[in-house]
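Given below, in the form of structure tokens, are the structures.
The two complexes that follow have chain A in common; it is paired with chain B in the first and with chain C in the second.
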Partner chain A sequence: MDFLFKDKKISGILTILPQQSVKFEDEIENYSFSPTKCMKLKLAMGYKEHRIAKRGQTSLDFCEAGLKYLFENNLLEKDDIDALLFVSQTPEYFMPCTSNLIQGHFGLKHDVLCMDINQGCAGFEVGLIQAFMLLDQPCINKVALMNADILSAKVSKRDRNSWPLIGDAASITIVEKLGEPNIIHANIKMDGTGALAINIPAGGFRMPCTDETAEMVEDEAGNFRSKDNLVMQGDAVFNFVLREVPPMIEHLFEQANITKDDVDWYMFHQPNKFMLNKLADKLEVPREKMPSNIVENFGNASGVTVPTNISYNLGDELVNGSKKLCMAGFGVGLTWASIYMEVGNLSFNKIIEF
Partner chain B sequence: MEELISKIEEILEVEGLDITKKFTDYDEWDSLCSLSILAMLDSDYHITMTGKEVASFDSIEIFCKEVLSRQ
Partner chain C sequence: MKEIIVKILTELRPEFDFSVDADFIEEGMLDSFDLVNLVSDIENEFGVVIDGMDILPENFSSVENIESLINRSKKR
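Right, the complex of A and B next:
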């Protein structure tokens, strides 16, 4: 599905990371791999360290810390927020919406639209597309898009398929109307037949958490996890990404009537270094134009990886200037989405710790 | 065939690969090797397989023949 948006911009990106950084080496003993194999895994996937929230810290806590920072530093006015989007798979409650809780916490105006969106790896693109659609309304001039996930609470530490690559993080992206003409191209695709390729089986209404679902079970590859934990069919996801993402990006080029060389930076979701290198090669894009260093430094926090990638790798570059970005997210759902737009002259683009 | 075999040897980090064996007969075989095989199939042979399929071939030789027959 193709989207076209006019006269809208991103005006600031703030990434909020946990203070605690855990090294891959310090967790090797949890895995059923020999140290040699673990080091091979580290090298291939680009694992070094990842940020893990303190026990009890939630996605909401990180979003509130980020908004507080923006308010206190006069980077955002409370009354200017016309819509508050919270994109996450680790909400505070089943009900109410986490975005409503945050609105209440800060005493934001009642004339606001709060909306929670359940999305993971493509959560930044889905959130941005939603924000752009809202901005088509005359009453909405500024949207605060929050992406947050605390996956460490749901991934087994003895699962070397998932634990070494995940991280916790949140981001706040300010999206608003632009006083001058510009054009944004985007597309999005879904395939629910692969919905369980990345899944947390227990904890919803179909399979509530019980002592039984909490039982740790060993899989064929020697990973231990329970039904309360996230489970990922690594090879199915890998094949899905290599099959669907390159044609999606090619299609985005056609939509925008550009070539791959027109793009300054390919800011993609960060599953791991291995997959990103494969993607860059398949798209015939220089690997240097597609940063792949987020998993090794911070971990993959699903929908937060693209803003983290932008804040970390393009920080001042997008404050002092402007670049053409091709952004893409792909994963849980299955959902895959991409956006081509110029991003720059941001009033802030940085990482803070909480 | 030889080219494909040497690629498999590289992934498994073994010399003198016994192609009558299954992938899973090798102690070196693990999820990372499996993923590397999938990546190699995609980039060099434009073939998509699942990890399970790769591991289920009765021998590496049969696997190689299957890959080449799809060319």
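Right, the complex of A and C next:
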């Protein structure tokens, strides 16, 4: 599905990371594999360290820390927020919406649209597309898009397939109407037949958490996890990404009538370094134009990896100037989405710790 | 080339004998994460780039299939 948006812009990005950083080497003993094998995998996958929230910290806490920072530093006015989007797989409650809670905690105006969206790896693109659609309404001039996931609470520390790459993070992206013409191209695809390739089996209404679902079981590869934990079919996800993402990006180029050389930066979701390098090679894009250092330094925080990528790698570059970005997210759902737009002259683009 | 492939495989999973006639994937001698290490080792050893779409279990199920994959990758 193709989208075309006019006269919208991103005006600021704030990424909020946990203070606690855990090194891959310090966790090798949790895995039932030889240290040599683990270290080889470290190099290939780009495992170095990841940010993990303290026990009890939630996605809401990180979003509120970010909003508080923006309000206190006069980077955002409470009354200017017309829509509050919360994109996450780790909400505060089943009900009510986390965005409503945040609206209440900060005493934001009642004339506001609060909306929670359950999305994972493509959550930034899905959130941006939703924000752009809302901005087509006359009553909505500014959207605060919050992406947050604290998935470490749902991943087994003895699962070498998932734990080393997982990271916790949140971001707040301010999206608003632009007083001058510009064009944004986006597309999105979904395939629910592969929905369980990345999932958490227990904890919903179909399979509530019990003592039985909490039982740790060893899989064929020697990983230990319970039904309460995230499980990922790594090979299926890898093949899905390499099969579907390159044609999606090629299609985006056709939509926007550009070539791959017109893009200054490829800010892609970062599941692991190996997959990203293969993706860059497949698209015949120089690997240095597609940064892969977020999963390495902070971990893969699902829908927050793209904003983290932008804040970490393009910080002041997008405050003092502008660049043409191709952004893409792919994974949970299965969902894959991409956006081509110029981003720049931001009021803020930085990382803070909470 | 076959000897080098067996050497790489043995370093990866020393508990198995890769000189025997077996399906490495079916027999559980290689898992998906072994394939990541194997691809990296092959690329470094033979100076090739394995296309991501070729990273399929069937291309790593025997020494012959791995050799064939390397030769195909050389031609690209």
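The rule is simple: the second predicted complex is superposed on the first by the 354 of 354 C-alpha atoms of A that agree within 3 Å, B and C clash if a C-alpha of one lies under 4 Å from a C-alpha of the other, contacts with A are read in each partner's own complex, and residues count from 1 in each chain.
Rule of thumb we're sticking to: a residue touches a chain if its C-beta (ideal position, glycine included) is under 8 Å from a C-beta of that chain, and two chains touch if they have at least 3 such contacts.
Note that the structure is predicted; figures quoted are calculated from it, not measured.
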Once the structures are superposed on A, label A:196 by its partner contacts, choosing first (chain B), second (chain C), both or neither.
neither
Which partner chains sit in contact with A:41 here, chain B, chain C, both or neither? Use first/second/both/neither.
both
After the superposition on A, what does A:214 contact: first (chain B), second (chain C), both or neither?
neither
Is A:183 in contact with chain B, with chain C, with both, or with neither (first, second, both, neither)?
neither
Could you say whether A:4 touches chain B, chain C, both of them, or neither, answering first, second, both or neither?
neither
Have a look at where A:279 lands relative to chain B and chain C in the superposition and call it first, second, both or neither.
second
Shared contact residues on chain A, chain B side and chain C side combined as an intersection?
37, 40-41, 44-45, 161, 221, 234-235, 238-239, 242-243, 274, 278, 281-282
In the complex formed with chain B, which residues of chain A make contact?
33, 37, 40-41, 44-45, 161, 221, 234-236, 238-239, 242-243, 274, 278, 281-282
Sites on chain B touched by chain A in the complex:
30-32, 34-36, 38-39, 42-43, 48-52
Can you tell me which positions in chain A touch chain C when the two form their complex?
37, 40-41, 43-45, 160-161, 220-221, 234-235, 238-239, 242-243, 274-275, 278-279, 281-282
Please name which positions on chain C make contact with chain A in the complex.
12, 28, 31-33, 35-37, 39-40, 49, 51-53, 55-57
